[in-house]
Amino acid sequence: MTATTQSEARPSSGTPPRPGRRAELSRWWNARSRPQQWGLLVPVAAIIYLLPVLNPPILTTEPATSFPIALFNAAVFALIAIGLNVVIGQAGLLDLGYVGFFAIGAYTAALLSSPDSELGVRFPWLVIVPIAMVVTMISGVILGTPTLRLRGDYLAIVTLGFGEIVRLLADNIDPLRGNRGFQDIARPGGTYSDGTPIFTQNDAQGFYWLAVTIVIIVLLFMGNLERSRVGRAWIAVREDEDAAELTGVPTYRFKIWAFAIGAAVGGLSGTLFAAQVGFVNNQRFDVTTSILYLAAVVLGGQGNKIGVVVGAFLVSYIPDRFQFEPEYRFLVFGLALIILMIFRPQGILGMRQHLLTYGRQAYQKLFGAGTGVAPTSLTPSSRPTGEPAEAVPDDRSGSRPQGGGE
Amino acid sequence: MTAPEEGLLEAVEQMAPEERAEHEAEVAEKVAADREISVSTGETLLAVQNLTVRFGGLTALDDVSFDVKRGEILGLIGPNGAGKTTCFNIVTGVYRPTEGDIRLEDQSLARMKRYKIIQAGVARTFQNIRLFGAMTALENVVVGTDARHRTSVPGALLRLPRHRREEREAVDKAMALLEFVGIADRAADKATSLPYGDQRRLEIARALATEPKLLCLDEPAAGFSAIEKDALSELILKIRDDGFTVVLVEHDMRVVLGVTDRLVVLDFGRKIADGVPDEVRRDPAVVSAYLGTAVEE
Amino acid sequence: MFLDRFWANTINGLSYGSIYALVALGYTLVYGVLQLINFAHSEIFVIGVFGVYFTFLALGFQPGQTPNVPLAGIIANLVLAGAVGMILAGVAAVILERVAYRPLRKRNAPRLAFLITAIGASFVIQQVFRITRGSNPEGTIRLLPPEPLFRIFGAPVTNLQVIIILAALALFVVADTFVNRTRLGRGVRAVAQDPATATLMGVNRERVIMITFLLGGLLAGAAALFYLMTIPQGAVFNGGFLLGIKAFAAAVLGGIGNLRGALLGGLILGIAENYGQSLFGGDWRDVVAFVLLVGVLMFRPTGILGESLGKARV
């Protein structure tokens, strides 16, 4: 028997609307073996890396915006969206102050490497990155500790306030230099074989490659978390916090973790951004930017890490490609938020994630190899409601004595 | 054990009766909780001591005391509003007692954090089913096993050996649990797409996954047909026989009398009877509480 | 310094606080009925602000000019502009409910979805003003220059402050009476308390929701008039952002869902903010509101007077 032949969704099942083509694709994908999947992913990755070199005429944003810079910005945006997705998409916590973490990351880079900084140190970029991630992580914990005990909708307002406070601090605390900002922030080192540096402000190609690499690494790590008790705890909290707690999930602790991890990724993206631009001041961390991040996550599909990367790419790239005025960018994505929530709340790609490290093997063991059962709830066999699958007549006699729980 | 081409489900279908019994014993073995319990069978596992709960002016439970012995199925019954679910909610930390204490073995649960209570060994199901809708049945059960896991966030991030071991064991155990409660063929389905009866079974599997010392079932037969009720009774007995202690809140007297070893009867927040089912059903206080209607089979 | 200006700050705080309170009432009403933070309420307020401003322009007043009109005329103009602002904001609130919330309610969407559409809506409204009117604030039009009327403990009290505080109190009494004493208001409270039963008892839930949004919008429109009369900054597309957060903080402070709590919270916040400014300097003024909000949520999440519109005393 192969389950694929009879895997039509049962009428009783509440599968998402129109399981059609996407489910087909997803099932087909899940039926591939790991090497096959990698075999398909590697060329895709190669094309992504080669984009700035190919500079395809349909895709290019030039002459208005340098294509590598547009791509770099999109990649940073994708990184931000991945981080925010942990908080919003997975743990279901509406964080509207996410730009604050991005800002903290950027300012940490500035303070630790700019000659304008009063600290007087010039750390290399590679040293800055872990420091900035730790700093943002700590700020995430500090913000989360009081607020994550609150009801979800209060959280939205408090985090909105947090984002604004970070900006106010940048405005008002003298060593943070307000509008004057910090020049000459450290870049990663490295030169091409002919001696020209890879990472410069004018040529973002190197930065783009770096950003894509970081995105891929972070995605792999997020996948690990997703397919672990951590990811399951987040989804459980999102689905039903009380039931999660009463199934033994330390909900508060995992919510703080979601905040901290999201914050660290936000901080990482901040350092990346600061390094490429080489300059940080208080003008870039408007709370409205947080709303664009939210739009990226919602557009791509909350809880789907590939989806949010796609969403982020669209939110960042489309205005560059079609040269929107910045105002229209906000207007369009504001409208997109409303329309999406009303007509397609799951975003471009649905909400489905895999939550088990060995889920594939488990399902294949149950249903047989090559079935590719998993996310779309396509399983063989159907039986009338409520009747036990196996006959259980002599079941009790065969089992253990009372109280044998060791 | 099974050829990779053919699934386990199919393999089980084709097993000969003895082979199948052996397989089921194996499943039951996997499902049984792997934890130390300091009291031996027949001794007090959970002690509810002079429990009083007030909500504002309303007294939901009034000086209620009873014991749950290890290895038994205790029925907690009473008319609507008698305080049965409140009792569950106190035991699992949803509400806190106004007075009195609940002790599991020698540990007080009265001020313990909710998730710690579960980790300490009390699991429950819900009157109105509360599954994690976006997860598959298997994933729901694995969340239950996570209550006993110790993988840290860095451990999961880097897939350290303990994480991999726990994940492997968890999936194995969760599959056994789904087989045990009889919904293995639904493993890959989203929890919300399961039929009602299977959702109830899934809740039981998820609760068992936490390896409880005490399993609290809150009206598991609600909304069931007669056939489903019988199957459920069998499952409850099977759970007990696998080494678990069960407290059952249930309205359906056929289920209650069919499976319980002992009954505690509540009425308006007070305990009015406590004893073996045959005694209790003749108790005049109980009969008058039920107005002589429901105790009949 | 702080002590010198204590009474001046208190009075000034009361007049600012009255404005916060009127906006806070909108948050509280909607929250009471739908358990939803109407994120776009701050933009409803902005619509009111522009409504009042455009009415001023239409009536022939220009930024920077002191009008040469007798007092009775000025009051008539203010009332007219206020009425326009109120109606616009009220209608906008109802439309917002129709467009952004009702479809989700029909679908029984999760709470997060409501917040996200609300954010989207508030974004869209902001950007429409930004695109049509630019990002710089409009000039301020002062129909009524502030003049000290009398002194309390040596602190001057201006005509504007008196008008704003009294008018806000009057509006509060009207709203409170409406919710607590009228048939429609009883419907509002019934839905707040128990929507299912209220529906069974023949209360039209959709109509109650509409009225709630309308009432919140009207009050926000009135707040918009007072805002333009006293606050130095002119109408601007994002002028609702900070004020919205503060008003929300006020609502939570008093106990969200509780009308009297919104009034109390607004006044306390207005005063606290003025004290904070006086103690730490003007740059920190806005931080006070956030700190207060977080503090209240941590230590008394149900606010000073406790939550619930349904249980408001009759």
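Each chain gets a letter, A, B and C, in the order it is written, and its residues are counted from 1.
Everything that follows uses one rule, which is that a residue touches a chain if its C-beta (ideal position, glycine included) is under 8 Å from a C-beta of that chain, and two chains touch if they have at least 3 such contacts.
All figures in this text were calculated on a predicted structure; none of them were measured in a lab.
In terms of Cα centroid distance from the overall Cα mean, chain A ranks first. The chain with its CA mean position farthest from that of chain B is C.
Chain A and chain B, compared by their mean Cα positions, are separated by 37 Å. Centre-to-centre separation of chain B and chain C, using mean CA positions: 50 Å. Within the complex formed with chain C, the residues of chain A that make contact are 88, 92, 94, 96, 146-147, 149-154, 156-158, 160-162, 164-165, 168, 171-172, 287-288, 291, 294-295, 298, 327-328, 330-331, 333-338, 341-342, 345. Those residues of chain A lying in contact with chain B across their complex are 1, 3, 12-15, 221, 224-225, 227-233, 235-236, 238-240, 242-251, 257, 261, 303, 351-352, 355-359, 361-371, 373-375, 377-381, 383, 385-390, 392, 394-396, 398-406. Every residue of chain C that touches chain A in the complex is listed here, in rising order: 36-37, 39, 99-100, 103-104, 109, 111-113, 115-117, 119-124, 126-128, 130-131, 238, 241-242, 245, 248-249, 252, 283-284, 286-287, 289-290, 293-294, 297-298, 301.
On the side of chain B, the complex with chain A involves touching residues 2, 4-10, 12, 20-22, 24-25, 28-29, 32-37, 40-42, 70-71, 92-94, 113-115, 118-119, 123-124, 126, 130-136, 138-139, 142-144, 146-149, 151, 153, 156-159, 163-164, 166-168, 170-172, 174-175, 179, 182-190, 192-198, 206-207, 210, 213, 224-225, 227-228, 231, 234, 237-238, 240-244.
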